[in-house]
Structures are given as C-alpha cells and as structure tokens.
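Take a look at the structure set out below.
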Amino acid sequence: MLEITSLIVIFLNTLIYTVILALISVGLNMILGVLKILNLSHGVLLAIGAYLSVTFVRSFLSFGLPIYTTYIALGLAGIIAGIFMGFTVEPIILRRIYERVEIQQLLATFALMLILEDVIKLIWGPQSLVIAEPYLYLGNLNIGGISYPLYYVFLMVVGYFILLITYIFLNTTKIGRIIRSTAFDREISLALGVDVKRVYTYAFTIGATLTTLGGSLIAPTLSLQPGFSSEYIVLSFAVVVVGGLGDIKGAFIASLVMALARTITVMVFPELELAIIFIIMLLVLQLRPEGLFKGGR
Amino acid sequence: MVLLDIVNVDVYIGNVHILRKISFNIEKGEVLGLIGPNGAGKTTTLKTIIGLLPLRAGKIVFEGEDISRLPARNRVGKGITYSPEDRRLIADLTVEENILLPCWVSGSMTKSMIEKNLEIVYKIFPEIKEFKDRKAKLISGGQQKMVSIARALVLMPKLVLLDEPIEGLAPIVANRLLRSIEAMKLLGIATIIAESNLRYVKQIADKIVRIERGEIKEVVKNA
Amino acid sequence: MVKTAYKCLIIYACLLLFGFFATRHLQYLLSLSLLYSLVAIGLVILIGYGGLVSFGQGAFYAIGAYSVGLLLKYYGFQNAEILLVLGVLITTLISFLIGLLAARTRKLAFAMITVAFSMIIYTLLVKFYHITGGTDGLRIPAVKLFGILPVRGRDLFMSMSNEYFIIITIFTIILYITEHVFNSPLSYALRAVKDAELKAVSLGISPTRVYILAFTYAGFLAGIAGTLYAFLNAHIDPLIAFWTTSGEFVFITILGGITSIYGVFLASILYLFLKTYLIVYTAYYWQFVIGFVILLLILLAPKGLSGIIFKVYIGRKVFRKS
C-alpha cells in the first residue's frame, strides 16, 4: 500500500504545507515577537494577498500579457498587499493599543478581523474566485506514474526562498539585528537610540508581507471564498503555540511537524485533519507549556 | 559651561512619587557621583535623563536646549548614553554586535569612525577582545557589565550615564575604568556615576550629589 | 444569602411580567440574550476573575446544542429533562478535560488554544456531515419537559411562550447559584491567583487547579446555554462553534464591564438587539459594522477608564451591580 510514489507524494505535500504554514506562522511570530501583540486578524492577511493576486493576474491577462508574467503578478500582489496593510493597519490601529491591556488588544484585533473580512467581501464579492492560469500553465510532472503539478514545485521553491531571505535578513543585516534587539528588550533599545516606532512598523510589515505572499502563492491552487483563510489561521496558532511564542525558527520546525501530521492524517483518516493538529498541540503543551523553544516572549 | 541642568524635576512611576523636585547640574567634562542607598532614586534619575521615564514637572536642559519632552532616541542623538545597572545585553547577539548596536542605529557614522571608536573602547577594556565573538548570553555577569559600559562609550558621547558600574568588576578592571573616565574628561566627555557608596567614586568625582528617598540632600564639590 | 434570593426573585418577577405582555418574537430575543448572558457569565469568571481570555466558549455552546441534537437523532429521547442533563454533563466533562490540558499555559497561548479548539469543533461538525448534517445543521423537534410541557409552544398563561418560561426559570436558578460561586472561596482564590500568582501559591492555592475549576464552570454554563439553545431554536448549525461566535461572547463580557453579571446581562440584550437590527438593514456586511463599533469603542475609551466599559482591574473589588 505504501509504495515509493505514495511516499514521495506525502513528502512533497508535507513540504508544501510546511512552507505555507511557515510563511503564515513566521509572519505571525514576527508580529508577536516584536510588537508583543497577538494579531487575531492575521489570517485575513492571507486572504488579502490571495484576493489581490486574483485582481493582478486577471488584469495582466486582460492586458494581453503572456501567461508567464502572471507569476510576476502574484509576487507583486503579495508584496504590495503586505506593504499596504503594514503601513495602514500598524499606524492607524495597532499603534494606539500597544499600551492597552491584553484583552482590549485581543478584542481590537478581533474587530479588525471582522472588518477586513467584510471589506474583502465588499471589494471582491461573496462568490468564489478562481485564477487557475498560473497553475495550469506549468503542467504536470511525472513522478513514477503519478502526475504531480509543477506549480507546487514552483510554490515550494519560491516559498522557501522567501523564508531564507527573511532568515538572512534578520541574522546578518544591521536592521535585522536592530529588529531583534527591539523584540528582545524594548526599553534598552530605546536607550540605545532605536526608533522603536519605526521598527514596529517595519516588523509588522515584514510579518504581514510574508503572509500575503503566502496567500498569493496558494491563490492559483484554490477556489477562493470569503473565510477560506480561517483554517490556516487556526493551524498557524497551533504552530506558534507549539513552536514557542515569538520564536521564528521554532515556528518553522513546528510547521514541519504539523504539516507532516496533517499529511499523514489526511491519507488515513481525513475528517480528523484539523483535530490532529489540536491533539499534537495539547500533547506538546503537556510536556513543555512554553512551547518547544523559548522565543522572544 | 553647564552641560546638563536638571531643574525641579518630579517623576512618578504609576502613582508613586519617586523623584521630588530634584535639581542639580553637570558641566562639560565633569564627573558627577550620584550617591545614595538602594531605592533612593538613582536609577530613576538616570532613566529620566535618558528619556525612559517621563517627568511630571520641572525640566531638563541639555546644552541650553530643553529636552524634557524629547524622546529617548533623540537624546542619544544629542550625545547622551546610558549603561543600566542590570546590564541588559541582547542575549542572542555577539558581544561585539552588542557594542556596535548604537553605531548601527545612529546611521550617521562612517565605517572608519566606527572602527576607530571600537578600538578606543577595546583599549579601555582589552579583556573584551577575547570573547567579542561569543553570544552575550554565554558570558559572565562581570563580563556583561564591561560590555554594557563599552556599549555606552562607543559613540564617544557628550554625557555618559553609568548605573552602578563598579559592582561586578574585578578591582583591576574597576580601576582601569576609573582611569578611563578621567581620560574621557580630557576629551570633554562628562560622566554621571550612580553608586551606593563613595569608595571608588571619590577618587575621580568632581562633584558629589547625595540623593535619598527621591530628594537631593546635598551637592558638594570634591577635592 | 437572603439578599441574593430577593434579588433573583425580583428579576424573575420582571422576566415573567415581560413574558406575559411581550410578543413571541421579543420573547425569543430576550431568551437568546439570557442564553448569551449565561455564556458571558462564565467568561466573567474566567476573564474578570481569572485573567484568562477564552475565545472558545462557542465550542462548548455548540457541544451542548449538538449533544441534544445528536442524542435526539440517534437515541430518540423524548424527555427534555434527560436531554438537558445529558447535554450539560457531556459539555462539562469535555470542558474539564480541555481545562486540564490548557490550564497550564500562559495568557496568549491560552487564547490561541481556545481559538483552535473552537475551530476544531467547527470543522468536526462540518466534516462529519453524515452524522451532524454538516453546514445544513440539525433540526430539533419540540420534545416534552417532564412529559407535559413541549419545549416550544404556547401552552402557558397569556402570551408567554413555553421556551421563554423554561429559559427564564433555569436562568434565574443558575443566577442564584452563580452568585454563590462568586462569593465562594473559589472566586477569592481566583482573584488571588490573578493578582499575585506567587503569593497565592505560598498560601497553598494551586493556580492550575483553580483555573481548571473556573474553566470547567464556564464550560458548564456554556453547556447549559447550548442545550437550551437547541430547544429554543428549532434548528442548530455549526456556525455557533465558529470562533467569531466566541468573540461575540467576549465582546459582551467586556461591554458589560467584565466583572458584573448584571452588566453582562444588559450588554447581551444590547448586543443582540443591535445585531438583529443590523442584519435586517445591512444584510451582508453586519460584521463590518459590529467590528467597526467594537474598534471605535476600544480606541476612543481612554485607558484605565473608570466607567462601565473596560473596567479590567475591578477584579479587586467585590462583585457588584452595574
């Protein structure tokens, strides 16, 4: 029953799910680690990236541009969505609630989620949207008799590349280190001359962009409907809890674990696909309540 | 020439009145010892000067300019730096990265300026060179203290605020630090050293300010 | 103790009076408000006294409702009281188990776990559609309470509907019980833990145990509300488990002042009437408006406001009327 080709497919599917989960969770963790806010509206960022991609891809195509440019459209959409959200949501809303009690912050980001979800409905309408062109154009790979969409490979390559750049950025550049310093100790960073306000905006924007790019990447693989992102946000919460709040590499490893668990469960007992994540989360928390890694919090 | 003038400053933490109408000043290139027992308000005073705490009343004047409402980062830009009592290094960065952080933040320093300043700092604390590539969380408390002070010096500021710098330093290192502060005087760098006792400070202080329960008890010139 | 009894009797009398004269629709809305209040009271204990923000009470609400629905569907119980008891038992048990596992986590992790739990229940309800009816939901026929009173109907005095009467009665009883919980050692223990965990430990209070108890009680209340909801509404669907419903409960709790039962009661009435009105007038986009209102309230209410809204630190004071 478990032939080599099935194993390869499991392996590939896990990698794909990992990279998407990682993009969302690392984004969430960046915001959590630096701004110390749990952004309940984070899942909507995924949706915004995806929906904006629909608009961009369709525009490109309607201008008669060749199909291979739609990949650029995806990238552009993801980046523009992330930067736009970063530079509006953070200064307008988040900045006002940094000093507030946790429950107010939670409720505020919750309200933000309600608002953004309906904004998506207002702009793009409640019906399903599909942009299959980038997905179909690449055709399929033949892996030992199984037909595997090449787009998934593309998705993986781009996704991991983005994560790699983020890792390099945070660990080797000056700005990256300043961001990490602010996440670690905000007060002393202030005393060292750091413009913490700007760092917060940058960190939020980076976190948001990672997620909107994730949305762009998966857009061609799904039929988009309002609320499709709620599954991912639950998973990313589980990932963040397991990996350690605010810990970026923890988020990546936890994504891998969760993705693996999910892929296997889907093959064996499909209805439990989300429940298994929860079970793992509770198990891990029994052994280590702070998550697998320490992290910024 | 007066560098920093604290005038009738009141500071509250929450609803607790910590500093009560404190006033003192420090001149360019002067070494001021802020002496008082634990809980007297020394750390609060330093934190207020650097801008981490807001003042409820009074004003702080630096080089003739009222900086009472200026955010901390601008005060660093004007030449005031701070080394906290509990070191507060960034655990996952290396020692050298920690020291260089203010330089990176400042953005207006050229590579050669940074290298030059780093050399000077390493002259004051040659021991640091041995562990400069180690992560800050892997060095001892005393070593962290050195690094924290080095970090405050690397910008060659006009005013350095040191909160209990002597504690945790080996006597040899402590003495070298004091000599360095004296040397900095010649460069026009002023220093406020907060300590709970006079022992080391009286060797180099030009002025002693005694603080107790949030109030300035006396200001004396030191021979 | 006697004072509490009087308070509850007066409330009951008012509710009865309302039922005699209000339209069936208004009675429905008030019933729903009472159910929401029940869930929110659980949150008052969790958040206001325990400092634990749960965005997952909707899950227990749904478990309560679906327990009734599924028990009816597969075992055909015709006795409402058995369904009620079983539904509440199941929900309380599950909330105890989840509480055991979740009570050791810190605040934000706790919030995330509860969100995850809420959504897991939602997806389970949706995916096992052969059993639960999926997004179409389950129909709940009107079973009889104690064999005589149908849970939905108009068999009572004047224009009071059966479901209304059942709900206000149970609500008042629970109110009475809960007031005692509030003045019991549990609530003091909770507040002690919330204020200074280390000190509480040194006094021999185990924070984890206290949190588990609080979480279970909140689940118990949500379970009662959920089972009653199944009777009130002829139809239940998985959406009640979606974490946005849980968010509504949290919002009502905050709106009501976090630590006041009566505040929460008023807030839930306010919220539900507002929501009904909004859905009528802005069909598609009522969430936007609600979200906007919540955000406006949070942003404009200055920090540390002493007023009805957002009084987070009242945990220190003894529970009192809003």
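Note that the chains take the letters A, B and C in the order they are written out, and that residue 1 is the start of every chain.
We adopt the following convention: a contact is a pair of C-beta atoms (placed from the backbone, for glycine too) under 8 Å apart; a residue touches a chain by one contact, two chains touch by 3 or more.
Since the model is a prediction, treat every value here as computed from it, not as a measurement.
Enquirer: Taking CA centroids for every chain, report which one is farthest away from chain C.
Expert: Chain B.
Enquirer: Chain with the smallest distance from its CA centroid to the overall CA centroid?
Expert: Chain nearest the centroid of all protein C-alpha atoms: A.
Enquirer: Please report how many Å separate the Cα centroid of chain B from that of chain C, as a whole number.
Expert: About 55 Å separates the centre of chain B from that of chain C.
Enquirer: Centroid from C-alpha atoms only, then distance chain A to chain C, rounded to Å. What do you get?
Expert: So the centre of chain A lies 32 Å away from the centre of chain C.
Enquirer: Using mean CA coordinates as chain centres, what's the chain A-chain B distance in Å?
Expert: The answer is 42 Å.
Enquirer: With touch defined as at the start, can you tell me which chain B residues reach chain A in the complex?
Expert: 50-52, 71-73, 76-77, 81-82, 84, 88, 90-93, 97, 101-102, 104-106, 151
Enquirer: Applying the document's contact rule, which stretches of chain A touch chain B when the two form their complex?
Expert: It is residues 174, 177-178, 180-181, 184-185, 187-188, 190-196 of chain A that touch chain B.
Enquirer: Please name which positions on chain A make contact with chain C in the complex.
Expert: Residue list for chain A touching chain C: 32, 38, 40, 93, 96-97, 99-104, 106-108, 110-115, 117-119, 121-122, 126, 230-231, 234, 237-238, 240-241, 245, 270-271, 273-275, 277-278, 281-282, 285-286, 289-291, 297.
Enquirer: Can you check the complex and tell me which residues of chain C touch chain A?
Expert: Per the touch definition, chain C meets chain A at residues 47, 53, 55, 101-102, 104-109, 111-113, 115-117, 119-120, 123-124, 127-128, 242-244, 247, 250-251, 254, 258, 284-285, 287-288, 290-292, 294-295, 298-299, 303, 310, 312.
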